[in-house]
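These are the structures in question, set out in turn.
Note that subunit A is present in both complexes that follow, paired respectively with subunit B and with subunit C.
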Partner chain A sequence: MPSATLLGQAVVSGLLAGGLYGLLALGLSLSWGLLRLVNLAHFALALLGAYLTYQLGTALHLSPWVAAIVLVPAFFGLGIALHLLFARFRVTEFTSLLVTFGIAVILESVIQWFWTADYRRYETPYASASFKLGPVFVPLLELFACLTAATLALATWAWLRFTYVGKALRAAAEDPAIAGAFGVDHRRHALLLSGLSAAYAGAAGTFIALIATLAPSQIWAWLGVVFAVVIIGGLGNPVGALLAGFLIGMSESITMAVVAPAWAPLVSFSILIGLLIFRPERV
Partner chain B sequence: MTERVRVVVTLIAVALALACLPLVGLPAFYESFLYLVFHWIALATSWSILSGYAGYFSFGHGAFFGAGVYTTTTLAAAYDVPFLVTLPVAALVAALLSAGIGAVVFRVKRLRGELFGLLTLAITFVLATIVLNTRLDGGPGVYLSNVPLPRLVGSPTGTFYLLALALATGTLITAYLVTRARLGLGLYAIHDDEDVAEVEGVPTFAYKLIAFAISAGVAGIAGGIYAMYVSYVTVGDTFSVTVPLYVVLMSVLGGARHWLGPAVGAALITASLYTFTSGQQAILGRAIVAFVLVLVILLLPAGVVATVLGWRRRRADVSAASATGGAEARGGSSGDWRTRGREAASQSEFGAADPPRASAPPVALQCEDVWRAFGGIQALRGVSLRVEPGEIVGLVGPNGSGKTTLINVISGHYTLDRGRITLGGDDLAARPAHEIAGLGISRTYQIPRPFAQLTALDNVAVAATFGAARCALGEARDEAWHWLEFTGLARRASALPHELNLHERKFLELARALAGRPRVILLDEVLSGLTPAEIASAITLVREIRARGVAILFVEHLMRAVLELSDRVVVLNEGEVIAEGAPREAMRAPRVIDVYLGKTQAHVVA
Partner chain C sequence: MMRAALALVVLLAFAAAAAAAPSGQPIRIGGTLALTGPLAPTALLHKIAGEIYVEELNKANGLLGRPVEWVLLDDQSKPELARSLYEKLITVDKVDLIIGPYATSGILAAMGVAQRYNKVYVHHSFGMPHLAKYEMHFPTAAFGPEPNKTVPTTVFDAVAATSKPPKSVAIVTSKFPSAQFQSNGAKEVAEKRGLKVPLYLEYEFGTRDWGAIAARVKDANADLLWIGALGLDGNQLLEAMKKLDYTPPRHFHLFPAPGPLVAAPDGKNALSVTVFEEHPPFMNNPGAAKFVPIFKERAAKANVPYTAIETQVGGSFAAWQVLEAGVTATKSLDDKAIGAWLRKNRVDTIIGKLRFDGPNNYGDDLFKVKQVQDGKWVVVWPREFTAPGARLQPQ
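Presenting the complex of A and B:
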């Protein structure tokens, strides 16, 4: 059994890593739950955001925060463009999976074309900054990512819960025809939501650039875990996505500390499988 | 020669011709390329047997492929089992794995659609983690370079070519025969509406398990051969997303509902990936393939094969100036069920003669003290009723009184909490819905629920195949024709349900219920939404059915029809029988008037 310090460290690291899972899951959960589109390209967009942050930082010496200010609105536009395509061809829930898989592969190829398949590491002074909370190290960057995820999740939740557009979106997710009969302009709201979802991918990308080592194949590395987070959190539920991110992040890091790093995926996916089989109505 | 024999013989002949290629000295490069084509044909075709036909999209094909890879690897590398012996074991391991998963997952109704897909994907990752952390692999990967490869022909590449060719041919024949068998028809029905399929008599659980096991078994063999082909296996490569995603893409590209579709998709994608082999070119190639894929899915959602067949059939229809064709071509119909040049216009509307098949002896349906609750709502409280052969019992009552629930309980869609339902001597309570259908109970749905992608004829044929009639497939079509003629739908035989109007769809429900040769038929508001003329013809039809000795339980709001048709009436309110008897007397009972018109009116009418 590892020491209390090690366990405490595992909990904190897991929580912080979970924040990033939550941030990635947020956009995915929104488009799946409210637009009935399963967007595999979300991961590719996030990684594209990460590479662009890296490029702006290394070639133009732009601070990642400035890069984010440029990238997030640009990704918002990209999300709208993608949704216009989906709407034009009446993409259904299932075909969305296939179409966005194709888009993800195209983006992966684009990334590999410009940045090659080699690993890239974006060195910044933030990477090593941390403070000590008792015996436990808290890396600042991860903490900031986690706080951003929490802020965005709560803000999105409030937006869906209390504003007209939010309610209209939820109504249209239940039954687009009936919502339309009550005057809901689902098309415009859907464009807004997919823009937002892509913007979240861009924001996640900035943090991925700062925290992780980049390679084009990373697109697929996130896929399994983040889908688990989305489903456990409940489709279209931003706070659920965040909490599920924490749950999976912590279960992974505790498994790493207590058993062995290689067993970590077993825990998170077992949680998912258990949930699907025993509480399918929750999803 | 039947079509079935012709197709199988053609497939074998093509395979034998291809098998001669290594003997005439095909360059090794082409052997490797064709090996990969056959490898993907086997994987994609096997995937579609469950996922394409029954619509259970699995992203777990990599798990079964991987199970095969590591079965062969472990047996051959660690235990010196001869390579060819490991292949059937690999199939068995993969099939057992899928059956184990299916036995749990297929019991959960909610796990359909994309949730099933993601669950199977998660299982892949779990399996990968287990293999990675146990002696099966342990991390560094396993070499098979010391495992002796039996030489079927001169070169190793030729051997792999032949093995994959044999597997692909076997898989295609299996897939073809499945689509032409009861299993295939049942899977298509599951695809369109699983609950209805079960009520029509399709043993859905067993069929899904069988399809899953066949599908996984083939993937296991493909994995076993592949392990030997690459001769060095790692967890990362084996359980990557490549296999599940490629098989989905290939099948969807070619058309997952057609037996040949996935093979066409596999050949197209493998060939186009192979054209771009090195460096930057490979990246570009992958992007182009992905782009084509996006275009195909957006523009040809039914897949290449179904679309091409559709064009051909439409052209044939135009040249033959046929009145009924066209519809069949759409959306990859179930295939074989080709409309024969049978006279659609029968002598009189209901005048078709009985086909020779004999029905089971008539029996009575009896419900005794049936209870059923949903959460806190007690939908049925001790309902008892009896329907004799040749009797029409009208079941009436206000909305929410439990009429449809009773039908759902009798047909086995819901289980009952307490009580007994018997058909003759058979107790129905503990049986799954498909067995109840097999015993001779069929029903119609208030809002018609036809199988959306099967033609009207096939819709009826499903019931004839799986209901009490238990027709063989060939007979089932004759039986289906008979009932389409009986209900006046014969000229719409090749139409898809969405092309029918409400009246026709209601009658299709009736034809489907009758084709099972039921002893009891439960009619759930067959008249609602029909015009007066349509109602008149429906009433004639119900009388015709009764004349055959069928017991009819008839749920209806339309009082005129109830009074005209019923021998007896049972009135339900809040899950209880409040009156029973001859139609006019039962409807005049004070409690009935009370329920329908309110307390104050009761004494006025009385």
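Presenting the complex of A and C:
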């Protein structure tokens, strides 16, 4: 039987890991739910953000937080450019899977060409920093990632819920023709949302650079679990994505602590399958 | 008169060069490497090693006086693709010889193809000898026939020789086949030696969150942590443990990415195993003195962060040496003749003398224990192979 400290530590670790899942899921959930684009390139953008943070940090000695200030707006622009491309070629929900998969593969090749396939690790003083809360240690970087995810998710939720643009985006996702009849300029709003999704990928990339190991193939490492988070959280639902991230992160972590680490990957998909069976209307 | 003599000297020099330069149809050696995908970081080192070997071969007299061409394809870290590509290399590209891909699963997948076409199959990174049943496979990952017993024994012998031998071992391993196989063996060996094993955990290849695993290792609080690590697993686990304010007294990493562990602050005194390091007596092995500087230069040019040569690159270079030795000794490209010769003879390579006459064509376990000391890997066990002045730390 695991000790209470071990369980407590597993809950904290899982909660914080779930924050990063939520942060990665945020942009994907928005573009899938409100733009009807299943953007697999989101993962590649996040990893590109991670590599750029690494590059700025190691080559130019820029602090990761300064790098984020540079990268997030740049990724916003990149997101808009990508959406212009999708709009130009009339990419639909189904074809977006293929197109964005292609973009992800191209980005993976670009990353490998520039940084090689070898592992990269961004060593910073923050990497091992933590503080003690009772008997449990709280890692600082993961906590900061989690707080960032929570802030962005709540702000995005409020933006979608209370502003005209947010309401227009939701209306256009529901019925583009009727929304258009009411004067909603979906094209402009879609560009904004696409830019925002990519900016979230850039922000997630900064944390990935600080927390994880970088290798080009890592693009695909997050795909399964983040897809599960997006679907469980509900498409286009930022707070749902965050809560689903917490749920998956904690479930995986507790499974690792109580049963065995090898069982952890099964958890997210078991929850997803359970949801599809018992609450199919949620998806 | 002087001019005529000079012209004669130049002519003779050209003639000598022409005689040494390989000519005729190139000998095509086919193989795959994981140039993309999760195994690509290490496969890149094998690619550089192979390219250098072939270039140097062609600068000399090639093979049997003919130039050598390496037909290299990308198996994308997928064993099923490696299998198909070897089929293509043999039946469509009609290569003369083949050389193995990187890593256990790919090597095993392609071994069936080599067997079907009776091709000599030299490979460099196979970690599960009991599964290699093909009579013409020749491994240069010199684990010996039972690495699940011999590798842990070497490691436990090394730490047992210190003034504070461990009494307990926590084992955490990737489910990657060769890592799991040897780590499972480590558990059995430890128990047989009377060591307690308070923790044995397996995790999936590609695990992202190390917090809970670190908490369990801390809870077990063993004297030695054995990590059946691949790539950066060990770095990430050490980092996660540090966040819990815990550093294991000793930590061993089975297949780590060598560079990042040396560079990481938590990597101090990390233990691992090796067949080659850049210090005596290894630098006296055939080919080492010439190959090491060229590899360093080429790896730096390829933007590889850690350019020191160790197990992977050593094994890769040795595979080419074995293939060359077989062809040169038999003066032929006949797979059966080369295979028969290799089974009967020892080959002196950069990682030591290899023989293929044991169970499943495995010879001796050549692995030694190395440790991160003063920012570099040095061999610390057995004593006759230790780097000058090095001792296993902490004593």
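We adopt the following convention: the second predicted complex is superposed on the first by the 283 of 283 C-alpha atoms of A that agree within 3 Å, B and C clash if a C-alpha of one lies under 4 Å from a C-alpha of the other, contacts with A are read in each partner's own complex, and residues count from 1 in each chain.
Quick note on the criterion: a contact is a pair of C-beta atoms (placed from the backbone, for glycine too) under 8 Å apart; a residue touches a chain by one contact, two chains touch by 3 or more.
On a predicted model such as this, the values are computed, not experimentally measured, just so you know.
Enquirer: Report clash or fit for the pair subunit B and subunit C bound to subunit A in the combined superposed model.
Expert: clash
Enquirer: Examine A:14 and indicate which partner it touches, taking first as subunit B and second as subunit C; both and neither are also allowed.
Expert: Touch partner of A:14: subunit C, not subunit B.
Enquirer: Between subunit B (first) and subunit C (second), which does A:164 come into contact with in this model arrangement: first, second, both, or neither?
Expert: neither
Enquirer: By the touch definition at the top of the document, which applies to A:262: first (subunit B), second (subunit C), both, or neither?
Expert: both
Enquirer: Classify the contacts of A:112 with the two partner chains as first (subunit B alone), second (subunit C alone), both, or neither.
Expert: The answer is both, since A:112 touches subunit B and subunit C.
Enquirer: Touch check for A:273: first (subunit B), second (subunit C), both, or neither?
Expert: Touch partner of A:273: subunit B, not subunit C.
Enquirer: Now for A:222: first (subunit B), second (subunit C), both, or neither, which partner does it touch?
Expert: A:222: touches subunit C, not subunit B.
Enquirer: Looking at the overlay, what does A:91 touch: subunit B (first), subunit C (second), both, or neither?
Expert: In the superposed model, A:91 contacts subunit B only, not subunit C.
Enquirer: One more residue to check, A:101. First (subunit B), second (subunit C), both or neither?
Expert: first
Enquirer: In the overlay, one of 23-31, 527-535 or 545-553 from subunit B clashes with subunit C and the rest don't. Which one?
Expert: Superposition on chain A puts subunit C right on top of 23-31.
Enquirer: Between subunit B and subunit C, which residues of subunit A are contacted by each of them?
Expert: Comparing the two interfaces on subunit A, one with subunit B and one with subunit C, the shared residues are 108-109, 112, 260, 262, 264-265.
Enquirer: Subunit A touches which residues of subunit B in the complex?
Expert: 57, 104-105, 108-111, 113-115, 117-119, 121-123, 125-126, 128-130, 132-133, 139, 240-241, 245, 248-249, 252, 280, 283-284, 286-287, 289-291, 293-294, 297-299, 301
Enquirer: Provide the residue numbers of subunit C that touch subunit A in the complex, in ascending order.
Expert: Interface residues on the subunit C side: 35-38, 40-41, 43-44, 77, 175, 201-204, 206-209, 211-216, 219, 231-232, 235-236, 239-240, 242-245, 257, 259-260, 263-266, 302-306.
Enquirer: Using the touch rule from the top, collect the residues of subunit A that touch subunit B in their complex.
Expert: 38, 89, 91, 93-95, 97-99, 101-106, 108-110, 112-113, 220, 223-224, 227-228, 231, 260, 262-266, 269-270, 272-273, 276-277, 280-281, 283
Enquirer: Which stretch or stretches of subunit A touch subunit C in the complex?
Expert: Residues 2-3, 5-6, 9-10, 12-14, 16-17, 108-109, 112, 115-121, 123, 127-130, 132, 137, 139, 142, 212-213, 215-217, 221-222, 225, 249, 252-254, 256-257, 260-262, 264-265 of subunit A touch subunit C in their complex.
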